[in-house]
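Before I ask anything, here is the structure I am working with.
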Amino acid sequence: IMADNGDDDSQYRMKEGDYVVLKRGDIFKAAQIVAKKKVIFEKQWFFLDNAVGHLYNSTFEIHSGQLQLKKTSDTGGSADSKEAAGVDNRNIVDDGKSQKLTRDDIEMLKEKGLKGQEIIQQLIDNSSTFKDKTEYAQDKYIKKKKKKYENSVTLLKPSCRILAMMYHGREPGKICHLRYDTLAQMLTLANIHAGSKVVVFETCAGLVLGAVMERMGGFGSVVQMYPGGGPVRAGVDSFGFPAHFHHTLHEFPLCRVNALLNGTLEAAGKDPGNSRAVQRNSVWRPELLTLRARSQRSQRRGRRRDEQEKKQRLDERRKKLSAAAAVLEGRNADGLVIASRFHPCPVLMGLLPLLAPSRPFVVYSQYKEPLVECYSKLKEQGGTVNLQLTNTWLRHYQVLPNRTHPVLLMSGGGGYLLSGTTVASGPSKPGQSKPCFSNCRTCDSAV
Amino acid sequence: MSFAEYSESIAEGDVAIIYLSHDSMMPVKVQRGAQTQTRYGVIRHSQDLIGHKYGSKVSCSKGWVHVLHPTPELWTVSLPHRTQILYTTDISMITMMLELKPGSIVCESGTGSGSLSHAIIRSIAPTGHLHTVEFHQQRALKVQEEFMEHRVGNMVTVRNQDVCKDGFGVSGVADAAFLDIPSPWDAVGHAKSALKKQGGRVCSFSPCIEQVQRTCAAFTDHGFSELCTIEILLQVHDVRTVSLPVPDFGPNSDLNRDQKRDQNQTQNQNQSSPGAVTIKTTTVPREIPGHTGFLTFATKPRT
Amino acid sequence: IMADNGDDDSQYRMKEGDYVVLKRGDIFKAAQIVAKKKVIFEKQWFFLDNAVGHLYNSTFEIHSGQLQLKKTSDTGGSADSKEAAGVDNRNIVDDGKSQKLTRDDIEMLKEKGLKGQEIIQQLIDNSSTFKDKTEYAQDKYIKKKKKKYENSVTLLKPSCRILAMMYHGREPGKICHLRYDTLAQMLTLANIHAGSKVVVFETCAGLVLGAVMERMGGFGSVVQMYPGGGPVRAGVDSFGFPAHFHHTLHEFPLCRVNALLNGTLEAAGKDPGNSRAVQRNSVWRPELLTLRARSQRSQRRGRRRDEQEKKQRLDERRKKLSAAAAVLEGRNADGLVIASRFHPCPVLMGLLPLLAPSRPFVVYSQYKEPLVECYSKLKEQGGTVNLQLTNTWLRHYQVLPNRTHPVLLMSGGGGYLLSGTTVASGPSKPGQSKPCFSNCRTCDSAV
Amino acid sequence: MSFAEYSESIAEGDVAIIYLSHDSMMPVKVQRGAQTQTRYGVIRHSQDLIGHKYGSKVSCSKGWVHVLHPTPELWTVSLPHRTQILYTTDISMITMMLELKPGSIVCESGTGSGSLSHAIIRSIAPTGHLHTVEFHQQRALKVQEEFMEHRVGNMVTVRNQDVCKDGFGVSGVADAAFLDIPSPWDAVGHAKSALKKQGGRVCSFSPCIEQVQRTCAAFTDHGFSELCTIEILLQVHDVRTVSLPVPDFGPNSDLNRDQKRDQNQTQNQNQSSPGAVTIKTTTVPREIPGHTGFLTFATKPRT
């Protein structure tokens, strides 16, 4: 399969340093290909070294901690081994004798070198009750056995789709329970596209920021607003963006927004607000660090934490701050995306003035009530139209001959969105009351 | 106690529901001298149950539990599963759409673990009757035993036979029929002949859409009308109090922020800690049942 | 079809005075068969006289305002005339020439005596574009034509199923937008069954009360609690219950509940609270009145509104009141069902003391927030277990060869339910705080 | 103005969206000297639009409207329907699951009214390209004209042909393909050959489950993997303030009732009239779209 007619495949092959996503069934995990670095996935550890040079989407078997390319024929859906399900299990008598293979038999199969899926198929073939189990029970059986015997893993090229599904499945708490279909809505509702200037405030581990950056493809600019001590965006690394994408990314502390809007940012200089904020808000520590950042840091570590280094960092931060301020101070951003654990109402009210008129914004919250408050506040304040409070309802289907039905388990809640469009406020006819305070600033200053 | 009639107090031989928590209840057969272990400690039937009122609190060594009068709904969430069972959400819809009421004669197959059967009997008591057919012999015996224990045995006849081959064992008597079998289309004719000649209602429960398609075709072939396929899903809302932090937009906005907080406070929100507001909200569990089955209803015309 | 072997069919035949439900497609309307009384249904008027003696579920054609039994062969679903739908309408050119039948043609068909459905079939057969329309468009076309040409009506025996669907479709505002599947849940969650004693408070035109009575089959007792001047239960008439059902029905004014619970009901005697309530709460007027009540009233109408009659009515009311009080004062009701336009929280708190311990209750509200309040209050107060706040999500499917899919339009919201079970409060172990105030009364008094 | 790039001000030749209300927007082609009638009165393009900023308020004789910069999402709710169209909820999911981003090469059929096409172009601009195939000639011409007017014509090629017979007109170039046709299974092979040999993503949209079944079979036959069929529905919540009356339980409970009212008031509720509390809540419209279609996604493996 690797032999082909000399096309440019280099971008489709895995290299050292690449970010990949490990996949087994519905389980995903982000990783980076680093020589001789162990990864742990589904309670198995192994090295990714052997993946280098292979194509993305390849499936490997794990043997003694090393990846070994799998023959294509066995790559397949998890539903393959399902036989016609009994739908009813009325014939099943649970006498504990349904499995004809003994533990010793299974050990023998393993020693013979049978792959996980082959062993599972053997177990199914030797189960006298499998065929009579209801489909639900068959599923459970296969899942249980897979967990025990499966040892293949597919390496995927990361994308917003895959990472959003990964976070939702593995660590929904880290992304404020933002479901992938809700994230999909946000990206369209905010009209995220190349060449625009987008303000992002998120506490979703960088997933939302990465999703926005992916859709912008390195064109335009993104400003990440951050609370506390510094921006958190470990998830962005997992996207594996090319270096130039990061040049379009700016960061700006929330606690300086008022200063920016009041034109007192320069005066604030030494930044007392920032350090105060550091103390007040708990700082989120990135869980994943890029390889480069890590090695730089370890160099720095030692004892040499002298004044000069401190000053250097402060200078760097000030430079970053004024670069971000330059992007924001025109108050002509093209889109605003908010998805955080903070109360969405003050966040939205605080950041809306950064938008140009006739630009979309979208706010995510895990809960409906705070967005109802946002909605009422916006209605009262004016300066926005096209307000809509929504959530989506996502359903997966199993499509198999004679066994088609909605999937038996579904995600409970994907969160809520409030979206709308900014407008400039003009002279309103008497009798048509639509008061407008805060956004007047936006339109005046944007002239 | 009976599953179709309330009693005030717990008597020997009753089946009572021990309520530990919302998702943990256990049915207990009350017997003089018997004991039941729970995670809160032991319940001694003679002292703690017999003669006490239903709804009482029983103190155990490590806490306390409540003893509830059995109902078909409590039974459904506490019964021993011998098969996949129907839950109250579907059962409610089946009961209404089949127009069950006291005096109705109903046919059911398969009986399974008896979850629906108890709900049917409750609704048609004291003058109705349930004819339920179960293919699996042990299960038929077990559920028959439960009906006796639950003191509804006089309102139900359990038959151990294959409904697809042998039908319901009655003819021209039923007001309603219910099918929960792998190939309902094979039993549609039997349902038709079990129903009264003046007509009646029938329901088929199937997880797969192909089963629904074949069953609908069979209903149409047998002259049934008013075909209607629905799906009903329960959404449970957990009431929660959550704290949402309020971000700091910097020194110049103190006035602004205070105003905001004031407004927040008037709107059902209490400041639990500086820089955070507390709201009352509901959340849906992370994973919920996304499908139980399709319910297809039809009306048997006069024959 | 009416000739059969002498079985007892009398209960299956329509009689004068019977309540029936008119049905055309998905449209329902409740009516009573009264000689020479005109009914209006879907903008057509006609007499039901000819239905007498026919079987329930018969379908009639309307000819010159009279019902005429339809031959059975044409009774059928509305989907019958659908041909294989184009799914895509890419071939349709809208040139206004798609219908080959002229208006004159259609008039001729009518004069020939063709029935509505036959005319519609003719229109479909003569439409050059029908087959290429998407299914959605075919539906719309048929519905439009049906509204114009259909003139058949089916007469159904009323039932909770049919009336709940009727109210939801026709006048959801009158039943607080209670959807039929939600009503179905209420009846099971409250374990409504023959022989029990059920307290009902509803402002759903009597639909909920009627549903409870149907499930009790005339065994046991029902107490309808009512606000304002008197109970509203026009919808109960539509169920067409036999007379003895009504003997199991009692009524009790909400404004006397406290007096009842305090044991001061007798003392209150002259009932000042009641008349005050009449003024405060707007009185709901029943829209449908039973024939009997109406004729009695018209006799009474005239000028003779003298003292004696007033006293008689007062006596009657007092008798009713003490009958209902006798049922309630044991505080040992077996079930409580609430579905009203009132705030559910005070209603539930006020009525819960009427229940025996270990009995279910269920409260409906169109809105979630008030039930969240109820939930919190109950948790704080104790005396209940098994609390659950839910709603249901109902989906209809079109099942047709090669055209199976969820129905394109669905009901938005069916309302919310809070359900639970009362318990007695006993000695709780120290350290296990579960305060209990109001319901202590329940258990004490029930001893 | 372009549908793929924001401008600050309205210029002649732009297509602007006149916002009347949430469910009433109209696209207007801005032309010097032209006028547009709205229910609030006339809009004179030269005075009211040209040179004004997007987002401005325009005062008319009977009220005012806002003029918005076009976006694919606003276009979707205001475009002239020539067919059933895809809406933003499905479009969002399609865009993410097909992994569209700047530079992607995409194939689409049928173009229909162009609702999805505009969203695709926005997402793949400025370096990607859309190859869209429409069977119906007038429609193909009309949508081509719209792409030019919307200044995205350089990023899209419209072909008027039958995708089931003639394919997409390109081979081995696409990153993603989308099918919204009556018999998608007939076009799966064409989609496969249009996609890059290194692989790509494909999506098929069908209203009926039988179409999904045949399409899934075709995907499997053609060696596609990661088959995934989903349905996504939008739920809109209308924010409302409602007043709930508080019933009178009689004279003896005055103390009681007052306490309750106090609590109510502290809980986000204001007494609007004696005997009633006002709450803020949301409601769902009485009838909502219950089904648009099933979305089936698959991955084309390397060939």
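By letter and in written order, the chains are A, B, C and D; residue numbering begins at 1 in each of them.
Assume contacts are C-beta pairs under 8 Å (C-beta built on N, C-alpha and C of every residue); 3 or more make two chains touch, one makes a residue touch a chain.
Protein names from UniProt, one per chain: A, C = tRNA (adenine(58)-N(1))-methyltransferase non-catalytic subunit TRM6; B, D = tRNA (adenine(58)-N(1))-methyltransferase catalytic subunit TRMT61A.
No experiment lies behind these values; they were computed from the predicted model shown.
Novice: Which chain's centre, taken as the mean of its Cα atoms, is farthest from the centre of subunit C?
Specialist: The most distant chain relative to subunit C turns out to be A.
Novice: Could you tell me which pair, C-D or A-D, is linked by more C-beta pairs in contact?
Specialist: Between A-D and C-D, the larger count of C-beta pairs in contact belongs to A-D.
Novice: Just how far, in Å, is the C-alpha centre of subunit D from the one of subunit A?
Specialist: Measuring from centre to centre gives 23 Å for this pair.
Novice: What is the distance, in whole Å, between the centres of subunit B and subunit D, each centre taken as the mean of its C-alpha atoms?
Specialist: From the centre of subunit B to the centre of subunit D is 40 Å.
Novice: Centroid of subunit A to centroid of subunit C, CA atoms only: how many Å?
Specialist: Centre separation, subunit A to subunit C: 48 Å.
Novice: Using the touch definition from the top, which residues of subunit C touch two or more other chains?
Specialist: 368, 395-396, 401, 404
Novice: Quick check on subunit D: which residues sit in contact with 2+ other chains?
Specialist: 209, 231, 235, 267, 280-281, 294
Novice: Show me the residue ranges of subunit B that touch subunit C in the complex, using the header's touch definition.
Specialist: Subunit B residues touching subunit C: 4-6, 8, 19, 22, 53-59, 63-64, 66-69, 71-74, 88-89, 91-93, 95-97, 99, 101-103, 119, 122-123, 125-127, 197-199, 209, 212-213, 216-217, 225-239, 280-282, 294, 296, 299, 301-302.
Novice: Which subunit A residues qualify as touching subunit B in the complex?
Specialist: Result: residues 86-91, 93, 134-136, 172, 177, 227, 254-259, 262, 264, 268, 272-273, 276-277, 280-281, 341-343, 345-347, 349-350, 366-370, 373, 395-396, 401-413 of subunit A touch subunit B.
Novice: Show me the residue ranges of subunit A that touch subunit D in the complex, using the header's touch definition.
Specialist: Per the touch definition, subunit A meets subunit D at residues 1, 4, 7, 9, 12, 55, 57, 72, 75-77, 159-161, 164, 180-181, 183-185, 187-189, 191, 193-196, 214-219, 332, 334, 356-360, 368, 372, 375-376, 379, 385-399, 401, 404, 416, 421-429, 432, 443, 446-447.
Novice: What does subunit B use to touch subunit A in their complex?
Specialist: Touch residues, subunit B against subunit A: 83-84, 110, 134-136, 138-139, 181-182, 206-211, 231, 235, 242, 244-253, 256-257, 260, 264, 267-268, 274-277, 279-281, 283-291, 294.
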